[in-house]
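So, here's a batch of structures to check.
You will see chain A twice below: alongside chain B first, and alongside chain C after that.
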Partner chain A sequence: MDENKKYPKSSIFKPLRHFKYLFKRPLSHPLDTVLTAKNADYLNKNNPFRKNKLKNSQPRTGPDNLRGFHVNDWEQCIGCATCEEICPTAAIEMVPRHDLPLVAGKLQQRPVIDYGRCCFCALCVDTCTTGSLKMSKEYVFGDSNPNSFKLMPTEKWQDHEVELGYQKSEVTDLLDLKRIEMEHVSPEERVKSYIEVIRGYSKEFAKLEASRCVECGVCTASCPVQMHIPDYIRAIWEDDIEGGLKIIYETNPLPGVCGRVCTHNCETACSIAQRGEAIAIRWLKRYIIDSAPDEMYEKIFSEPVSEVINAKIAIAGSGPSSLSAAYYLRGLGYTVDVFEEKSRAGGVASFGAPEYRIPDYAVEKDINFIKKIGVNIYTNTKIGKDITLEELQKKYDAVYLGTGFFSARKLNIPGSDHPDVMGAMDFLPITRDFARGAISLEDVNVKPSVVVVGGGDVAFDVARNATRIQILKYGKANVKLTSLETLDILPGSDDEYLEGTEEYINCFLGHGPQEVVLKDGKIKGLRVTKCTRVFDETGRFNPEFDNTQETLLEGEQVFFSVGQAPDYSYIPESLKDKVIIERGKIKASQDGQVAGLDWLFVGGDIFRGPDIITGVSDGHRAAVAIDDFLYNKSKKKEQTEYMKNVREAIKFNNPDLALKPERKRTLK
Partner chain B sequence: MMNSMNNIKEVEDLVNKTVKVLKTENIDKNQIAFEIEKLEVHRLLTVLKNTGWIQLSYLSAIDWPDENKFEVVYIVFNWEKPVYIQVRTKIDRGNPVMESILPIFPGAKYYEREAHEFFGIAFPGNPDYEKQLILENWDDIPPLRKDFDPSAYSARKFPSREYPQDFSVKDPNNKTLEKTEERKKRAKALRVGGKKQ
Partner chain C sequence: MKEMKLFLGPQHPGMHGNASVHMFVDGDIIKRSYLLPGMLHRGFEKQMERKLWVNNIALIPRVCVPEPDINEMSFAIATEKLLKLEIPERAHWIRMIILELARISAHLMAYGGIGGPTGNYTLMYHAQLDRNLILDIFEKITGARVYHQYIVIGGVRQDLPVGITKEILEFVNDLESRLVEYRDLGIDNASMIMRIKDTIMLPKEVVWELGVTGIGMRSAVGKAYDIRKVAPYARYDQVEFEVPTSSYSDARARLDIKIKEVQQSINIIKQCIEKMPEGPVRVKPGRGQSMRWTVPKGHVYAPIESSRGEFGYYMVSNGGTTPWRVGVRGASYPQGLLGIEKYLPGTRIDDAALWVDTMGICAPEIDR
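Presenting the complex of A and B:
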């Protein structure tokens, strides 16, 4: 470049050229185009010389993307406090708003912004989990009172509808909305055996997934046992497995089971799921359990647990709710005996859920720790046969019933009494015994083509088990699944549907079974008709069918997975009229204490249902209630300071009833 | 004109010939960094200035509290060859003294004052290095040291005010938020450390 042209030549008269601006209209904006109506009003009233000068104030709007005052859509805002957390000037404070409804996935608080501190950096907008917090184009705010600069953003700015300025975009969004992918065994591979489908996170991937969590804690209220979810996720991120394990065992004595088969309402409530994929909370829990070596379990209780209270409690059944009650009662200092009719403990975890979801070693890891702290488990001991409930009442100070829903239900349609028509709960324990090698393949009654009736997770368990056995037995699978519900209202989880269809299950959704068609004493198939509605206007289960649309689903065997039923035959005559059973469940107080029989407590499926983690919460509540019932009237030994703290922790963590989040449907 | 890769190579040869290089880092095709001994900084800068790197673009420091060192960084630029050269040297954090480079680059005067103000590094040879430049009446440790706590400083200097307006709506029987807080505290007490990220 020519050096002479690079900069203009200077001259002593140059400044004179500015005089020409003396006669030009100024380019700056006059006040009446800058101020909002509210500010203009204020000046109109308070200007002593020129009243109403700004009467025709027409505020000009700010440019696009202006980072002006905030607006916050309260319909969307969940009070997660990530804005408060990120604010570099500590301008945002969450204030309690108990006038808002207490619902799953939302906290009763909303942000208030101190505009004396705010630097309008918009990090709060970029990190907002829901996208409710945005900035407007408003940038003028004046007031003679310095106390009025703290404002609570709502959908409107100063009661006016305003144009939106800065909003986050995909580029500026600070949250990772995509889940770290979990490795699954390929469908071709997994149907050949009972290998666990989900491989589990490696350390690196677990940390990456943990780093997505914003630690807002909206999930905890949806967890039936209110696990300390953000805290154990943080422990993973900081590579503190021991701390994570201790935190998990505060509220859940069956984490290995729940890390695999939990209904994970926490993930449904997750704030990241508002716009993206929820944190894989269930799998992160599993990661901690899988990475904790056996020695580390000794650190959960750093002193041996022993009887300090002279009272004995009998527990009928060894499913999740029973084991949970046993664990907490033991921690409180009682003698606990668990009676299980089957050959091994675990209930639904050992005999209901399939091996490819939750292998025996994982169940055993949880149960071994419960045994290790001194819970006695007597297997092959059936209540009502080997020992009666009356005997238990005499021998023990309190009895907890957690016998579950272990009987199969079948539909009462023509042909359903055929021996090749089976209920889910008759079939699943057999498959589990087969998977662990207790029975041989020949003894498992699965025909080359089967039809499964039901749309819940258990129906998929049956279908996927049948697929595996068919492939082992005949080399190929032929499983059809039919349910009343169509995909948009299918009660089974998305994972089960996706994995099940990958495993060659043919789904005929939206059909109602009418008849098991027989020919020469053998099953030919299941006649189904189109289901036009499942629930009526009031939301009650009341299906209607269109008889003109009929199909025959061919198959040599039919499985019904239409719900489970309890077996109360162990309740003796003397107690029958005192135990009230409503719709299959025993009536009791919130903690599970049966009215009129203060020594009898219930939990799990026979009390509240419907899933494992709710059973665990029933067990915890019942353990605390049993302690309240027995503690004062029992003799006690001196307890160490440490075990006193454990006692307090168990009482402190006694869970409230969970809030149920609304399930979002992604499959169509 | 030679291409930039040759330039980098040439610079590397020149620097290696002049001083003992502790570490070389190729930042990109136009930028290269050398870590050298403290006492050799002046020699290298003199040689670079005489070879064409006549402009001091930048002078600042980095705090490495774990190593107990400050790293002083000089960036020089050559208008003929498009290569930025970073000269880095680590000095003791306990007694941070770095002789001024005023005789080589007079423009370093204000950079050195700034580095003194924000890190507390002394630059003997620069008569004004202790004069305040940006921070007025600073009464704390230099603010760009990693052990400076900005929120504690701001809490001390600008006490938070109480606003008469209260936006909360409280139900005395509703203890959900308090309970969450209590639970958080309890869970935190169970941690055994782990590596902080």
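Presenting the complex of A and C:
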């Protein structure tokens, strides 16, 4: 229209064009297409003056990805509280539900959503670790009671089945399910020496890996010492190594060992592992220890740990559980003496686990700190020989036994008494001594072809050690590994299997050894038969063999890695009837106190087993129990405020028994 | 005669949103007036500093209720600039479709909005009906009708649902055929012209004085200043469209431009649907879970063209998990807050509501 003209040109007939609207479909929506079934019901019920009842012939439903009210699958939900954490309006609150089963990897709580605050942004759905939280197509809810807007979503909405609306997809997922790759030394390079296989994270990668953690804390309950895992991962993410180190030492005095060879139940329980790859908790712990300089250790205790309680405690053995007990007892203010039969402290960490997994410097770093706070370690002192248990009882107020399972166990099959048949615990200390240069290559008895029996981590340790020695000695490796269990039920970890097969180990899984075949006084090989089942219907170990399928695994030497045994020769006759031994383990209370001998405490493999971290937790529990036993009887020196706090912290962090998570197999 | 104080409050049908105009009148001529903001003040800028980058997506659409997507877009562009993040090609085109649909919906709301103060309710019903259809489309794409939270850092939240492009095309074609009806009902209607022609003027010099952008500036100055043209974001440089202008800014001219812009938006949507490639729609701003996303140090201003003018977020990051400082340039701030105080006096009482409408004033954006 021309700007200067005020009105547009028009004619008298122009209004007639509006007749066309008589024949047009109305633009408006009829009420019955707008209302949902619920709306119509509600209006009909609450408006008594309405004569014509509302119908909803074509009830409106939301589109497929409508962000309506939540539904939550309680079977899947683990109560990780990530939804609560991300909620921008603080509408989600986790409510404890102690009626839920207490299992590893799950917390006894479920989200409650306050629909007075909820803005239906669906970030909770996008960040849900399990994918249990979804949204429905329901969007109408009315009630006169304001408290009814707080709802605990279940699989149903208001007790009836609903159609699902918005759900997370790969695109909308806000979690990072892929682990930051850990650098390994290549198989060709690592079999030539005892170089450490895992290189460890760099600062940048450790921070990236730490940024994947959602701080839910489901890992904590499955850790035998209940380490404050989310806290130290957060410290890594915030680049606070000192803070992380302090947090770690609250619950674990052997982080350098556990950062390398822990069985990492925490990673099995990890909430990210529900749909993706678990956070590399073990490597992150190792990262803190590797990047903490020695000076930083001095800051763990800002004042020297002093003897405040006039009582002495003797510890037999210097394995992980003994060192843990020593550390905590020292922290509680006792005089602690540790007696070790071998030339170095560390027990299984120094003589069992292979050098390429946990090098000496890492063990020494942990032990040096324990020595530094005032624990006395006497090596080359065997209980029962150099000093008897009775003497210890007289000299000390309490005794802790952590002597471990250091004897080899062999299978009782024909030919197993041949001198070239060795048990794992006879062989592994030798390799460890060889790796640190204490014995020469010629003295290590490894033949050019070797058969290893067993499917656990230790069997792989034996096989991989044998590979290394063979390559050094003969230039090439020939190691066969056979176990009853097939790959899907193999007790060894996935990492060991993968790394072992990379290192040229031939695995013959699902076979049972029958006979060590001898020829002219030398071993010719191991005769094995197909194993048809390992466990019977009740889940007990009860293998069955198919004798028709027989193989001879050729080899000049056989290693048995079928378990370890304790050595109780140091227990004197006077105590033999009081110390009850059941299935190789000493019977004691939950804290490790032997019934009838209130001064005697046990821990580690001889009490609970089977791994290092459980030993550490035994040590902690026993330390607190010893304190409970001795504190009131002993004279006390004046305590500083700081030492009081240290004592309180050790007692507060006393671990409960861990929940064992169900292992998920990735190898098929 | 003694001055009388009048209160044009949030309940008045001509008032957009929760703002009110205080007027001192002599007869029916306004002598003094000022806007009373603050009813919607929620401290968005401060709240954003306390919220994680990912959580802010849920907060920012509330800065402008009738056209929430511009907030998401400006926030996303600013963050992506700080992150130096390249987003997938398809996401750019989807974003443009969403923004143009939002522009149409905002224009229809403002255009229909004059039905309130002028008594032309038919126009309002039509406009609101069409807006409702756009909201239906939004609901299908994003899962929500008003606060879509769809344009996120790194692209869009999820891909378009199957068959939605056909529905959008059907709708825009239908709307295009009815635009002439909108003209007949509104700006070309003789009774409406008597009411809106040559009233509520926005003189040229006022534009520069207040810093008015958008339709106000384009109608008063005749300059085709549009961020989509002068500093193209997304893929606006790859679509053809015109920026309608006028040389004379009265209420009618501004409404006229609104309808013309709806036509241009329809053209853009059609081109987008034609040119949009297949492919991914979202990249993650970094490794890690969303609550530990960080944005590098830096500061950035990301202006985009809203239905009311230049709208932008100025953001400062110090490398943390939350923005360190956010400033929002609300497009209707100058004409809404300052314009009412300075240039409303001299007009009549019933023109106040029309000023708010035709200038496209969005109360939460002023308060923020």
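The rule we apply is simple: the second predicted complex is superposed on the first by the 611 of 668 C-alpha atoms of A that agree within 3 Å, B and C clash if a C-alpha of one lies under 4 Å from a C-alpha of the other, contacts with A are read in each partner's own complex, and residues count from 1 in each chain.
Heads up, the rule we're going with is that a contact is a pair of C-beta atoms (placed from the backbone, for glycine too) under 8 Å apart; a residue touches a chain by one contact, two chains touch by 3 or more.
Only a predicted model underlies this, so the values are computations on that prediction, with no experimental measurement involved.
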item	value
Partner chain(s) touched by A:Asp417 [first = chain B, second = chain C, both, neither]	neither
First, second, both or neither for A:Glu550, with chain B first and chain C second	neither
First, second, both or neither for A:Asp99, with chain B first and chain C second	first
First (chain B), second (chain C), both or neither touched by A:Glu391	neither
Partner chain in contact with A:Glu303 - chain B first, chain C second, else both or neither	neither
Partner chain in contact with A:Asp240 - chain B first, chain C second, else both or neither	first
Partner chain in contact with A:Gln226 - chain B first, chain C second, else both or neither	first
Residues on chain A lying within both footprints (that of chain B and that of chain C)	237
Interface residues, chain C side, partner chain A - complex	51-52, 54-59, 125-126, 129-130, 132, 139-140, 142-144, 147, 149, 157-159, 161, 188, 190, 193, 197-198, 246-248, 253, 280-282, 284, 286-292
Touch list for chain A against partner chain C, complex	1, 3, 6-8, 10, 27-29, 62-67, 85-86, 88-89, 119-123, 126-127, 135, 165-166, 169, 171-172, 174-176, 180, 208, 211-214, 237
Residues of chain A defined as touching chain B within the complex	90, 95-99, 102, 107-110, 112, 114, 116, 147-148, 150, 152, 217, 220-221, 226, 228, 230-232, 235, 237-240, 242-243, 246-247, 250, 649, 652-653
In the complex, chain B residues that touch chain A	151, 161, 163-171, 174, 176-177, 180, 182-184, 186-188, 190-197
